[in-house]
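Everything below concerns the one structure shown next.
As written, the chains take the letters A, B, C and D, and residue 1 is the first residue of each chain.
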């Protein structure tokens, strides 16, 4: 038996002990601990410190703010389209401008808003909800944010340079291919996808590891909040769905840049291969956007109803089955491509069956509200409850689209535009806005104004239906999607004008929401740790939480720890307060396993993101950019993982002002 | 909760964990899922394209077996020093880790060199037809993994030999790196089968 | 110590801003020029046709170099349209699908019988040449001739690779214009 | 609304099947929506007064019942939809009228295929159909993916380069309908429409015969001049007029342009004024389309218009 083996044997026997009436638990002991933690987890002041921050709360906030920035840009583009379509034969936009605008609108909303923002909510909330001091791999997290930010900046600088993609957010071949996609526009789209893939995959990995290994003792899987479950499932969907678009967009760039023939039917390629690969990612994408919203629904409804959601297990199971079936429905985007009848029937069936699990969840929520212990109709609850009226319409029109013969009529018409906005806005953006409203006090320490909140909600509710409901009728009356104008003789202008007016109402409601945020940041009522009387752990710490989230780290004995204070399980002591240490637990029952020091702030993630972005952009103009551009990335990565004394210094608390040299260690 | 007088004292538990106990293992696992599905999707696309044309390869001969098979052997053989590295790391045997990691790197140099000969043995250019495109991408993707695996093993070896801030977690790194090595080797087997026997079996 | 950091903080952004502005301006030019879709207006130089110089000798200062800029030379859209017209107007049967040449001279090599200057190419297309090159003037509007000129230039690697066309969705015939190495043009004159 | 392009105003059996299925699903979905909305409202009222005495077990059974019900409804819809899909094949008969539609950016090339190729009829952006006879349309594309959609008659099918798709339909009500490209195909996707005229069989046969004939020779000096301009000028580089020197195939066939109701792929009515405006500056009406500004003088333009109008 080598000394190493004896050491392993000994270490495996080291287990936590119960500390009784410990000095560390006296008021002053806890105070001393907090002061030490403040010092250890403090990030320092100044630009460099800001750029090298790795705190999941800071990054989550940045993600959310950035995502809403892109949401605004995408919204402005939508407004331009509504102006153009408000009357027939309008010349407000040229066809070339319109095509770039609708493409960039779709791309922004899917890749730069919907997915990042829901993942960002997870980044901010999951560690708090599972009672962890930090996210796993905080530096990877920072890297993912910078990649996302640079990707968005890349898209919009190209857009303003008139190199905006103009082939639709789905970039069908051969229109986006080397022969018909003149210039660099299609490459810009494909490379933006690469940026967002990288960031989404990294976030998904961080979330999975955090949820599996950093849950505080006592939080066995069956005690995990539903939102955490949703984020876990979504993270797995991301890592299974994204590879498909990784490959297809890479092949697109290769076809355009080095003349491979993946999508060239004359040399054995196939344009439909693109559609299969794209939608094998594209449809799960919808559920990636939608499931986290369901998680938020559950948290908010449980809180408003003062009771846990009915049928916790069925909720989890239906989210799981949605995730599974979600990978088996992609062909319903291709019903018009002339595929064999049999496969169509199969995918029809799958596309209809996926309604059931979502239905079950909706029934569960209704039952929860029904059996509430004095339901409180808060603003977040309004946003969530609107789903019963709006999202349902989207879900039901989804059934319409699953029926082959009808789909071949309304496919690629405004009926589908209406459907997808009812699903995505009704099923994700409404809950998201409610969720922001709900967790705003936790993030900022202040409440949003209830009156402005209600005004904004009702404006959105009215404006949304005004904009998108008429589109069902337009589709049935034969108006195709993606047309930059339409002749007066078709009689579509009345409904289009109505939709455009509705868009204006939506705009007003969002302005009200923004005003509410700005005003409340300054003058909002100060929120306590738990203003809504919610049950989950993020409400156990102060608002906003300290950099180290919890001290002492709580443990749990039920799935609603804050509603069962009588259980009061013993908190955690003994985590180092002079290094950024977290407690790693076992996967299933979250028994304490070992302590693990998290790295401190660093500039390397930013530098790696810069070098990576440079390589990505270079490579769409010159193939050799891939080779030469990779060298700086490698250097940056080595710098990132190179251990130095400096890092030790950081782990023992950041100096008052972080200099670039220190933050590069 | 801070008012409680009883607490769970974790100050005595270890600061590392091997295998599925470590965070790194899970990150590696997630990476392996991602890249595994990437390979799977390219292979599916390969079969899809194969099914659409009468002859496969459409024109020209199939890839020569020699270099690819040789590389398969080298990769499989590299599992031995890799396994020994992993074992050594998991009993904190620094000397053995240094030795076997060095051997692994030698193998890595070997299959990196042979890999570039493989491209020549494909008998087709990427811009000749869809078949050429898909085999080049398949081989290219795996090459990226072979190269990166070599590079990060190299960096790790340097860290081990220089010995800066050498603690248990560095040995965990070695063990996870070995895990990823296995991944690179075992994903090669289906890819090898597809590239070299896909054209031969019709 | 704080001073240095302050100065760095103040100076940093300004320099970067100026830098960004510069880069943006350059990119703007490049981007707009490459991507603009100019359907309607004839580009400034488009209605200039010059006599063709078949011989090398000319009185006084040589005028060859004083040539017009090809209006679509830096415009991916124009080059792409030119490529489409090359097929639509049956240039391929004589000059080859990718300019490899057939009964007509190849267009992808460095040899230019009647000169590689844009206006010379324009004249060749619009006025025709002895031994079989038809005169397309009056049959093809000047705008489209200029698009063809830009495409012909790209076939011999006379335009930036980032503007030249990629492969067609067609049988693979050698590297596409965007992957041809630039050649130094030589005016051979008519044999 | 004119309803010339409406899903719910079918004029053919296939479209009628689809719209029947649509109304069925719509009815069911409307009922479901009302049920859920009511349930939610009542739940909110009950919840506010904390009036529910139901145990989670009871709620669970209700949820299970609701879930089972929705499954049953969905299976019913699926069943009906698959049956409809099968029924659509009924009109696939060998004696069907055979057309071939080839999509181009951004216009439709229409061929009436005859066993004797010499008897083929070529036209563009306008389809004439005999009422009550099944029609098989072979779908091809010369460039990117398009989708042929004539809502009044049948659902859409894509035209994909390198693939041959089929669209089967039958007009049961005489009338003029409109179709449009339904797959985004680039700059002028919005202005890629076509006219469908469903008429009595004998009227159709007359039309077909008329279109089989070559172009009528010019009858006035102006038309004569117009013909000359067309043959000598830019027009002949792309357009075909059977029986003249204009024989190119990369633009719509003009042999009987005078008899068509629209120009520029269903974009403009085919009147003297619009025709003139279109020829004078196609890029103004349809920016980016493949017809260049021909740069004709005024009297050339007038002559060309006179000639084209004479091509009945």
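Everything that follows uses one rule, which is that contacts are C-beta pairs under 8 Å (C-beta built on N, C-alpha and C of every residue); 3 or more make two chains touch, one makes a residue touch a chain.
Every value quoted in this text rests on a predicted model; they were computed, and no experiment measured them.
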{"item": "Identifier of the chain whose CA centre is least distant from the whole-structure CA centre", "value": "A"}
{"item": "A-B or B-C - the one linked by more C-beta pairs in contact", "value": "A-B"}
{"item": "Approximate Å spacing (C-alpha centroids) for the pair chain B, chain C", "value": "46"}
{"item": "Computed distance of Cα centres, chain B from chain A, in Å", "value": "30"}
{"item": "Centre-of-Cα separation between chain D and chain B, whole angstrom", "value": "53"}
{"item": "Between chain D and chain A, distance of the C-alpha-averaged centres to the nearest whole Å", "value": "40"}
{"item": "Touching two or more other chains - residue numbers and ranges from chain C", "value": "37, 167, 169, 172, 175"}
{"item": "Chain A residues counted as touching two or more neighbouring chains", "value": "96, 174, 179-180, 255, 258-259, 261, 264-267, 270"}
{"item": "Chain B, residues touching no fewer than two other chains", "value": "127-129"}
{"item": "Touching pairs - complete list by chain label", "value": "A-B, A-C, A-D, B-C, C-D"}
{"item": "Partner chain C, residues of chain B touching it in the complex", "value": "127-129"}
{"item": "Touching residues on chain A, where the partner in the complex is chain B", "value": "2-5, 7-8, 11-12, 14-22, 24-25, 30, 136-137, 201, 204-205, 208-209, 212-214, 217, 239-240, 242-244, 246-247, 250-251, 254-255, 258-262, 264, 267-270, 273, 276-277, 280, 540, 552, 554-555, 565, 568, 570-575, 583-584, 586-587, 592-597, 634, 638, 641-644, 647-648"}
{"item": "In the complex with chain C, residue positions of chain A that touch it", "value": "46-47, 96, 157-158, 161-163, 174, 177-180, 182-185, 255-259, 261, 263-267, 621-622, 657, 659"}
{"item": "Complex contact set, residues of chain A against chain D", "value": "94-96, 99, 167-168, 172-175, 179-180, 265-266, 270-272, 305, 310-311, 314, 336-338, 341, 344-345, 348-349, 352-353, 355-356, 359-360, 362-364, 366-367, 369-375, 377, 385, 388-389, 392-393, 396-397, 399-400, 402-413, 475-478, 480-487, 489-492"}
{"item": "Chain D - residues contacting chain C, complex", "value": "161, 187, 232-234, 236-238, 250, 281, 283-284, 287-288, 290, 292-295"}
